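After this come two complexes, each holding chain A, first together with chain B and then together with chain C.
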Partner chain A sequence: MTTARGWVAFVLLAPGLTVLTLFLLVPLGLIVVISVFTYSPTQIWLPPVTTANYVKFFDPYYLGVTWTTVRIGLVTTLVCAVLGYPLAYFLARLRSRWLGLCLFLLITPLMVSSVIRIFGWLVILGRQGLVNAALGAVGFARVDLLYNEPAVVVGLTELLLPFMVLPLMTAIETIPRSVEEAARNLGAGSFALFQRVLLPLSLPGLVSGALLVYSVSISALVTPALMGGRKTRMLGNLVYDEVLTSMNWPFASAIAVVLLIVTGAVMATYLRTMRVLARRVGRP
Partner chain B sequence: MTRVSLLTVVVLIYLFLLAPLIIVVAVSFDPTDAFRFPPSGVSLRWYAAFFASETFLRAFFRVSLVVAVVVSAMATAVGGLAAIGLVRFLTRGRTLVETFFLAPIVVPEILLGAALFLYYSRIKMTTSLAGLVLGHLLLAIPYVVRTVAAGLAGIDPSLEEAALSLGASRPQAFWKVTVPMIRSSVLSGAIFAFIVSFSDINIALFVSGPDTVTLPVHVFSQIIWQADPTIAAASTLQIVLIAALLAVAQRTFRLRVTV
Partner chain C sequence: MRGLEVRDLTRCYSDAVVVGPVSFRAAEGEFVSLLGPSGCGKTTTLRCIAGFETADAGDIRVDGKSLVGLPPHRRDVGLVFQNYALFPHLTVFENVAFGLRLRRRPAAEIARRVDEALRLVDLVGLDARHPSQLSGGQQQRVALARCLALEPRLLLLDEPLSNLDLKLRLQMRAEIRKLQRRLGKTAIYVTHDQGEALALSDQIVVMSRGRVEQIGTPREIYETPRTRFVADFIGASNLLAGSVASASSDRVVVRVGDLSLTSSHGADVATGQSVTVLIRPERVRLLRSANDRPASNLLAGRVVDVVYLGEDLQVSVEFESRLALTVTLKASDTDEALAPGAAVTVWIAPTDVRLLPAERETS
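This part shows the complex of A and B:
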């Protein structure tokens, strides 16, 4: 019985395991291998094994890009947490037919292509855009809102906010209303209620959301490419340029491996916190 | 925080979240090319431009739509079988296998794209539709596995046992009792697989070639080279298609389990 079961499981899982092995594991293994090969301008890569691609990464320019990437990731995560918490709380406590609509309005932007949403931001923040038109109407001079770091943070925050709200909402739902009422009856104000009751109890959700937002934002490519201009460049832009423009595949692979290790560690922690959260909610 | 001030904050956050979509839709109906909001009138000029543009039509209907339909079908088959194997048949190492099936979500999309680009050029499979399909399949499989697994986990096993005791064989009981009950989660998984492929830019940016430019990639290069509201018209069509599919998914299944 057990072996028959095992065979059925194997047959059912085999197509998926094959696809994931051939097109996920092998390609990722390939970039790890390429990252220790020597760059050649004519043949792209040559066999001698070297650490030069990783050493090159410690050049001040690339370290600067890394720092920009980490900074944008951290600020985006923080802004998402601040904006996401009230929304998650609202949705977690909403018990009416509006909940379906509110979730639909949260998830629809998430599923629309990021390039379209960034295009929307270019129209809103551009020199002739909505914000500048409003400033002009009240007599202010036009300002450059695009092609800088805050613009990238605005774009990423809007793209990734739902990723913060969904796990946070799940965590807040597990806090019984009676706990809130008890705190209120004992004299807690709104801030004390948040700081001493809601925040500690919803921490797994907040941590999950933060890890997810951080890991997606430090691997951003299209947002900095379209909203960051020449100065605000992130690691994703470097990978793209080195792969498709400079054709320095060993160096591109080295950057990719570094990014993969960092995001992999962040996401592994994310999966663990989500499992803790799922156990608490009692959902599979 | 009082109820009213919380509601105000929530409305403002929703406005922020939806602002780019609202603007894109509004601009697509503007008769001028000034990207003005509110629009100075209502016209279908940019939709006419979209339907007259060979490259836009090709990107929308002959690349993105075709790839998304194929990905949706393949991901539903592969992911659906895997979910049944995971939930119903796998006894040992379930967490490990499940983690492997969710792994594509853990890897940043641009790294998947870059790795696939290098891999395809190594195995001489460059810039084909198949390359795009396989890349998107990686993104779509975890969605299907998760929805179908959640659907299966929600079913009481005693229902199948009841069918068995009434004389059905095991495959019959599965096919006639369980399958109809997970139909909605399978449909929902298929819809998400379609959308994930249809919206993707990070993988397509690396693996689509001159003949296989997807709609998001075409929009990306149009933004860089010549931005005119045809982009907004094409984008609006994409938004409408995705919103309609999500509405269907929401009617049949809980959206939150999937995302």
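This part shows the complex of A and C:
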């Protein structure tokens, strides 16, 4: 009985595990291996094992890019949470036939090619774009809205908002309306209701949304490349340049490993903080 | 006026669904039930008082001051929900302390008032539990304590017992009544359970299809229902269509099929008028001996069905004109001889024959 069930489980899991092993674990292992090999301009990498790639990374420039990457990830997550919460609440409480349309609109950014999506932003934020034209019309000087860090955050926020809203919405839907009404009846205004009831009860959704947004934004490539300009570069852009321009695969691999570690570290810290926070608001 | 006054409260959902105009009062310390089937507007009325729905017209006053326009959190009316609506992430203590903390009371006062409230609902020693660790009855007590801790001007209860099993329901019913009496709080209680309404209330507001059918004490509602709906909804009833054969100030004779029934009520009916006759099953008496024969309302019939209910016996008796009455008898007053097919004679006192305006059966 147990063995038969074991076999069924194995057969069902095998395809997924095979794909993950072949296309995730093996390449990841390869990256780790290549990251300690020596760079060769002619043969890309050579066997002598070295720590040079990692040593090279500990340079103010690369550390600066790492910090920029983490900062953009954190700010994007925060902006998505602030913008996404009211939206998620609205959608979770929407009892209307328009809900389907609203959800469709919400995930539209994910269905549009990133290049088209970003060219949209260029039209809006560019030097001759809509915003600057409007500012000019009311007598303000033109401002640089593109090719800086806020521009990258704007682009990423648009793309990643659904990743925040969908889990949050699911979490808010599980809070009975009567619990909200009970809070109001006991004297809670809108802010107290949010702070003391909605936020603690939707925290699991907020945590998963934040993890998704953070991990996707920190590995962004196209958005910073097209909206960040020369100054705002993220680790993904560095890896891309090293792989395709310099052909320095060992160094690119080292950067990738660092990115992985940074992502993991931030997530672990975040999850731990959230667990402590959750305990503090009285979860069992 | 002290207490609650609802005047011409109207809530329109669409042209077809309108609640109101509803008007009733609850004097200070009074227990008033809103009773009716689902969809009759009782919960809407309660939610308008709590401020979760906005009345389209009418006024709601507590101690003379209008609540209209105030948001729910400024109304100072306590609401107990059908599904308890406790905060799952907070302990029992924190649930009860919720409103006090919002009002920024000092910690010592909060501790004292939470303790008092939990003592009132007989729930001591569970402060540190979470709602998920409590039984339904205990959760309902926490919900009650959470309201009472704030000492609201008005206590609103929305079918608070309907999720409990029968035994617990009867127990909680008695406790709610005792508590409300002791605290002297004005209470508005929404229920579809006529037994609850009869047992708990000082006044019952019977509602149907968005309207108030009748307002009265439990005895008035049961004994002298004004409409067929009220008679039918509250208690068991035999409702028969008849017409007035003769009417004088203290004696009305009504023809129901081939039978003629005498009623001592109904000074406001005229000869020839169609009426609905109400006879409560437990007011019909079975006559055994031939020498005990009242002058009127003697009906000879045949038992067609007997249902044994333990305390009571429910007997269906059919008369010559295929007219049938349900009769409720004390099981202890009967014996095995009362079986289908048995010939019986029943008597109904003229005071127990009530006349209601004839109405087409719509509910």
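What we mean here is this: the second predicted complex is superposed on the first by the 236 of 284 C-alpha atoms of A that agree within 3 Å, B and C clash if a C-alpha of one lies under 4 Å from a C-alpha of the other, contacts with A are read in each partner's own complex, and residues count from 1 in each chain.
Everything that follows uses one rule, which is that a residue touches a chain if its C-beta (ideal position, glycine included) is under 8 Å from a C-beta of that chain, and two chains touch if they have at least 3 such contacts.
This is a predicted model, so every value here is computed, not measured.
Colleague: What is the contact status of A:Phe57 with respect to chain B (first) and chain C (second): first, second, both, or neither?
Modeller: In the superposition, A:Phe57 contacts neither chain B nor chain C.
Colleague: In the superposed arrangement, does A:Ala252 touch chain B (first), chain C (second), both or neither?
Modeller: In the superposed model, A:Ala252 contacts chain B only, not chain C.
Colleague: On chain A, which partner touches more residues: chain B or chain C?
Modeller: Looking at chain B versus chain C, the one contacting more residues of chain A is B.
Colleague: Given the touch rule stated above, what does A:Val112 touch, chain B (first), chain C (second), both, or neither?
Modeller: first
Colleague: State whether A:Phe37 touches chain B only (first), chain C only (second), both chains, or neither.
Modeller: After superposing on A, A:Phe37 lies clear of both chain B and chain C.
Colleague: For A:Tyr214 in the superposed arrangement: first (chain B), second (chain C), both or neither?
Modeller: neither
Colleague: I'd like to know which partner A:Leu201 touches here: chain B for first, chain C for second, both or neither.
Modeller: Only chain C is touched by A:Leu201; chain B is not.
Colleague: For A:Ala188, using the defined touch cut-off, is the partner it touches chain B, chain C, both, or neither? Pick first, second, both or neither.
Modeller: After superposition on chain A, A:Ala188 lies in contact with chain C alone.
Colleague: Could you tell me which stretches of chain A are touched by chain B in one complex and by chain C in the other?
Modeller: 284
Colleague: Please give the residue numbers of chain B that touch chain A in the complex, ascending.
Modeller: Residue list for chain B touching chain A: 1, 6-7, 9-10, 13-14, 16-24, 27, 34-37, 77-79, 81-82, 84-86, 89-91, 97, 99-112, 114-119, 122, 134-135, 137-138, 141, 145, 149-150, 153-154, 192, 195-196, 198-202, 205-206, 215-216, 219-220, 223-224, 227, 231-232, 235, 238-239, 242-243, 246-247, 250, 255-256, 259.
Colleague: Residue numbers of chain A touching chain B in their complex, please.
Modeller: It is residues 2, 5-6, 8-13, 15-17, 19-20, 23-24, 26-28, 30-31, 34, 83, 86-87, 89-90, 100, 103-124, 126, 128-130, 133, 158, 161-162, 166, 170, 190, 215-216, 219, 221-222, 226, 236, 239-240, 243-244, 249, 252-253, 256, 259-260, 263-264, 267-268, 271, 284 of chain A that touch chain B.
Colleague: Using the touch rule from the top, collect the residues of chain C that touch chain A in their complex.
Modeller: 50-52, 71-75, 77-79, 81-83, 85-91, 94, 98-99, 102-103, 130, 132, 143, 146-147, 150
Colleague: Spell out the part of chain A that touches chain C in their complex, as residue ranges.
Modeller: Touch list, chain A to chain C: 176, 178-179, 181-189, 192, 196-197, 200-201, 281-284.
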